[in-house]
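Structure below; questions to follow.
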Amino acid sequence: MTVRVGILGATGAVGQRFIQLLDGHPTFEIGALTASKASAGKTYKEAAKWRVSTPIPEDVAEIVVGRTDPADVPDDIDLLFSSLPSGVAAEVEPQFLEEGFVISSNSSNDRMAEDVPLTIPEINGDHLGLIEVQRDNRGWDGALIKNPNCSTITMVPTLAALDEFGLDRVHVTTLQAVSGAGYSGVTSMEIIDNAIPHIGGEEPKMETESRKLLGSFDGAELSMHGAEVNASCNRIPTLDGHLESVFVDLADDVTPEDARNAMENYPGIDLPSAPEQLIHVFGEDQPDRPQPRLDRDRENGMQISAGGITETPQGLKYNCLAHNTVRGAAGASVLNGELLVEEGWI
Amino acid sequence: MTVRVGILGATGAVGQRFIQLLDGHPTFEIGALTASKASAGKTYKEAAKWRVSTPIPEDVAEIVVGRTDPADVPDDIDLLFSSLPSGVAAEVEPQFLEEGFVISSNSSNDRMAEDVPLTIPEINGDHLGLIEVQRDNRGWDGALIKNPNCSTITMVPTLAALDEFGLDRVHVTTLQAVSGAGYSGVTSMEIIDNAIPHIGGEEPKMETESRKLLGSFDGAELSMHGAEVNASCNRIPTLDGHLESVFVDLADDVTPEDARNAMENYPGIDLPSAPEQLIHVFGEDQPDRPQPRLDRDRENGMQISAGGITETPQGLKYNCLAHNTVRGAAGASVLNGELLVEEGWI
Amino acid sequence: MTVRVGILGATGAVGQRFIQLLDGHPTFEIGALTASKASAGKTYKEAAKWRVSTPIPEDVAEIVVGRTDPADVPDDIDLLFSSLPSGVAAEVEPQFLEEGFVISSNSSNDRMAEDVPLTIPEINGDHLGLIEVQRDNRGWDGALIKNPNCSTITMVPTLAALDEFGLDRVHVTTLQAVSGAGYSGVTSMEIIDNAIPHIGGEEPKMETESRKLLGSFDGAELSMHGAEVNASCNRIPTLDGHLESVFVDLADDVTPEDARNAMENYPGIDLPSAPEQLIHVFGEDQPDRPQPRLDRDRENGMQISAGGITETPQGLKYNCLAHNTVRGAAGASVLNGELLVEEGWI
Amino acid sequence: MTVRVGILGATGAVGQRFIQLLDGHPTFEIGALTASKASAGKTYKEAAKWRVSTPIPEDVAEIVVGRTDPADVPDDIDLLFSSLPSGVAAEVEPQFLEEGFVISSNSSNDRMAEDVPLTIPEINGDHLGLIEVQRDNRGWDGALIKNPNCSTITMVPTLAALDEFGLDRVHVTTLQAVSGAGYSGVTSMEIIDNAIPHIGGEEPKMETESRKLLGSFDGAELSMHGAEVNASCNRIPTLDGHLESVFVDLADDVTPEDARNAMENYPGIDLPSAPEQLIHVFGEDQPDRPQPRLDRDRENGMQISAGGITETPQGLKYNCLAHNTVRGAAGASVLNGELLVEEGWI
């Protein structure tokens, strides 16, 4: 079975990651690429300033880029991936949805909308049921699903694993890589020999998206998880891989060993881009792991890493890490697309 | 008035900072430098691989380095600064104390001893009274005082300022500069394009030293502050300046404005190396400050910076920063030395 | 004596350096600041995103920024410094010159024009005589002088010192700091863990400007120096300070000691911003110097450093370094301005 | 056919690369690992602090490490790879050679010995004939061949390709990655926001090894190439990949197009680890390539990249790049080992 896919915003940093990840994909075949007017009409090779270290797949290089407009996307496209800037996405995604397209989107608009599934397949695939609500509400033939922000997705799998112990409060501080801001988002003069204790809009995203992802869906309505989540976000001079320091208050008494088992045994999912094991946990013999450069590429960048699990007076502290432009962006959307296919929405 | 001072461990990274900070000091005059056997007998210029960006003061360059042994330090030295490795200090400092020397030490040994003052002059200068207890206990003619760890000192002034609001719980995550590990402590292959979520022994130091610094001394005994402090420590690729993300639970309802006022108005101290204002606070118009490279040198590296103060469900979150080898090491010891003089202990 | 000066393009990276360097200047007093339309009418504090680590001088902070137009610059301004983008400067500088303003410009346009002095005061101050030629040619009441490109100025003083030995061929490779491209010129994703072997237009600038600077002026015409100069320019992950590896073919047999003496004794100039000694030379006991971070700030960033002088079959090789936004940009223009005053052109 | 190989100095940075590169090798099978006394007797997993981003191959992890002594290496080992420190290698390699072992060594000792082949298989495989001379001279049953220094091997293939145009003089400046100094060779405090214009002993290596590699072997004696080679070596803050700026004087008139053709068409070799094409050349549409991070991994790190080819008054200038610990160290030794097998020396 082959699913024809398109990429909205194909020339940007996340767009390039989509193309890299879809190269050789068992199910998805790229059939359309869109970008801004300036790029439309050019071949992808001409339009994109390719910055990924693997070469442009040859067949993709020659695809002629269209405008980001439903009129420019052929009808045989079954699934769209979107990595548009959120302002553009807020305007354009509805146009595609009205035309009946299904979109797995990485853009941040509408993530917190009550009728839009925000999903990590291993965590809350059942939230896809919201698509019915969405279609009722909006009158769309298509469907819109979102993946969370890169900083959120790094932490939520570990919280999901610990939820059985009575997750109550979370304090998380991030050490985020520059690629999270896009290719030109952070200048070298800002970040060399430096760190920046602020990423616009990031902290509220982590605080609300986490509770939606961990929330429960009763078939009609979604309830947010009751935990209190406090986030502080920082940019540091790493290229890829967000590292996060997490403190959790838990209702139960939990040993680091319990927590480790819960994380390592958290069930994965059988989808082409999913890692064999969702969370890799480093033990106390490797207290200095995970590290961004050494661990971001585990299982093709789709595995979460955790380590340094230690008891605190009211719970635990630990570190976690994920590849922010793979597991945290393009890879997350691709995995959501695979879930849509698996669950019969496409 | 001139006080003759000596530096134990004068050739190391912190030792070099001592020499830089004491150059032109109004009261302190360097009269003795010690180092390991390999260096003893050489001029300081020959013995030290000087790595500070300002040149070696000319008079210091020609001082002949002695062994770190009381026999090699002249009697006219009134005050010793120590930046020895803690293992060495634990063995050697008592030898000097028995001979009657007064030591302002940056080494981590004995910081948590019940009869050793751990002081930041602006915060808990009254703890110097412990010297009497110490002399009674140990039979020393000299006196030993310690300054806290660089990561501790970055945060504690802000906690002290907020203590009036009922400080209850603290969650702090550090983003620490490589100089904190000494000149050769972090290799370039470890840290370029990376971060390390572990610094040996650092988290317990922050958790206990903070409570001692904020504790109260009744003239006979020291009580630890009752707050719960949870720390997670990380190394990042910056040269100097520790940045920390802090969450505090407070008993009172406190606005960011209240907190800012409390920090900005926290009383300073009138000592030669003290900053005019202890804590500089960046307002909401500069949410991306403090930053290590831009703010570590405020007031000759002796001022603490804070910013990003924001309400949370149970208190506040904010960031703080200090120069780790100035305010957090050599400068802290020098300031403690100035306090000893001011208070008549020398 | 006080000279009222204005800065064209005052909000950019070099503009900010001008303001920092002019703070406390014995002769120059800032009387006008210009920027693009978007900034005009605002106070400097509002208009500039200040990124220098020292604070904005208080009196400058409140100056209202004008447009970069002669109509917006008061008549009592005696001297203008220009750090406009070269395209803008090519259009706007002539307008100011026609109005009679004297400009010491860092912009690259017109540097190689036959009637425009390109000067380093210590090297070729006599080229100022070209101003007469310029006035005859162009009918300007004002005067335009230029300082060279930051990569050129790093090397040329060392070549000038060696010229007495018969300078014949030069091969220079640069390792340039990111600040040379302006605040947003190099993104972090381009340069972390990387180097870029190309800086647009830089190599021809070094090859031609060097020969003009070393050329001779007979009172009427300028002759280029006859040496062959070959340049290869690279960007590396340093913030400030260009390091350059130079090979020179010399007609005479020259020892490293001869070369060192020639460089160290090359005559300086008595101007407020000039370093006491033009070139500091590291000897064979410090073969790993100069280094950008350790040596860029020598003599307030105005001194050139050299080191590693070694014989080669046909001459010598050595390294040299200068602070690219001080000696290589704003400081170079200020020094040229001081020369204009000294020589009576203002 | 399977060849049993051993690695001398298996726990170091290059040793780890050997193990990574030999994992899945079609011919070579690891049968022995040696290290210092402190590691002997431990499994490799215990002895090595593994820092490569791919995991330790499972079968290698359990090999018990021996001392670096012929007595600890089984007789069935056909080929040894050596990445010992040169001082150690100078003492130990002869002991193995006397016992009849064949060594493909990356250590710098004996590279310039008249009877030791210094080879890059694509360039001068015929120099293996020196083994006969070596055996005559030294009375060894074994054989010792060396690969050049990492900075040398980056440039020499491009020089070999240009030699047909009358290679006369070379001026090369390197921008070398920190991994070239080993895991702890460059501290973070030395290199962040910095560059170091000196690498001990590196420049003479480049100047002499290049001429030996390009020299000719008449079956009895090796003649050095007559070109003059001048090198200036710098360390910069990149992890892997040496970038070099090269100027060549050529007897013939050569266009960049001629040079590009010569480089791209320079014959490769049919060995398992050899790249399909020895030199990849970037054209004038990509003047900012090669770059270390983007290009060091081409063809598994075994391809040389070149770019920026430009005419100069007496020849050409260009840039070249290679992965210093793959093509420049472990990969070079493995390829030499493959050549030894292919040519029947094993």
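Letters A, B, C and D mark the chains in the order given here, with residues in each chain numbered from 1 onward.
Here, a contact is a pair of C-beta atoms (placed from the backbone, for glycine too) under 8 Å apart; a residue touches a chain by one contact, two chains touch by 3 or more.
All figures in this text were calculated on a predicted structure; none of them were measured in a lab.
Two chain pairs, A-D and A-B, are weighed by contacting C-beta pairs, with A-B ahead.
Among the other chains, the CA centroid farthest from that of chain D is the one of B.
Averaged C-alpha coordinates put the centre of chain A at 47 Å from the centre of chain C. Spacing of chain A relative to chain B, judged by their CA centroids, is 41 angstrom. Shared contact sites, meaning residues of chain C that touch two or more other chains, fall at 51, 192-193, 237-239, 293-294. Put simply, chain C touches chain B in their complex at residues 51, 53, 192-193, 293-294, 297. On the chain D side of its complex with chain B, the touching residues are 13, 51, 178-179, 183-193, 237-239. Against chain D, in their complex, chain C makes its touches with residues 171, 173, 175, 193-198, 203, 228, 230, 232, 234, 236-239, 243, 245, 247, 287-294, 307-308, 310, 312-314, 317, 319.
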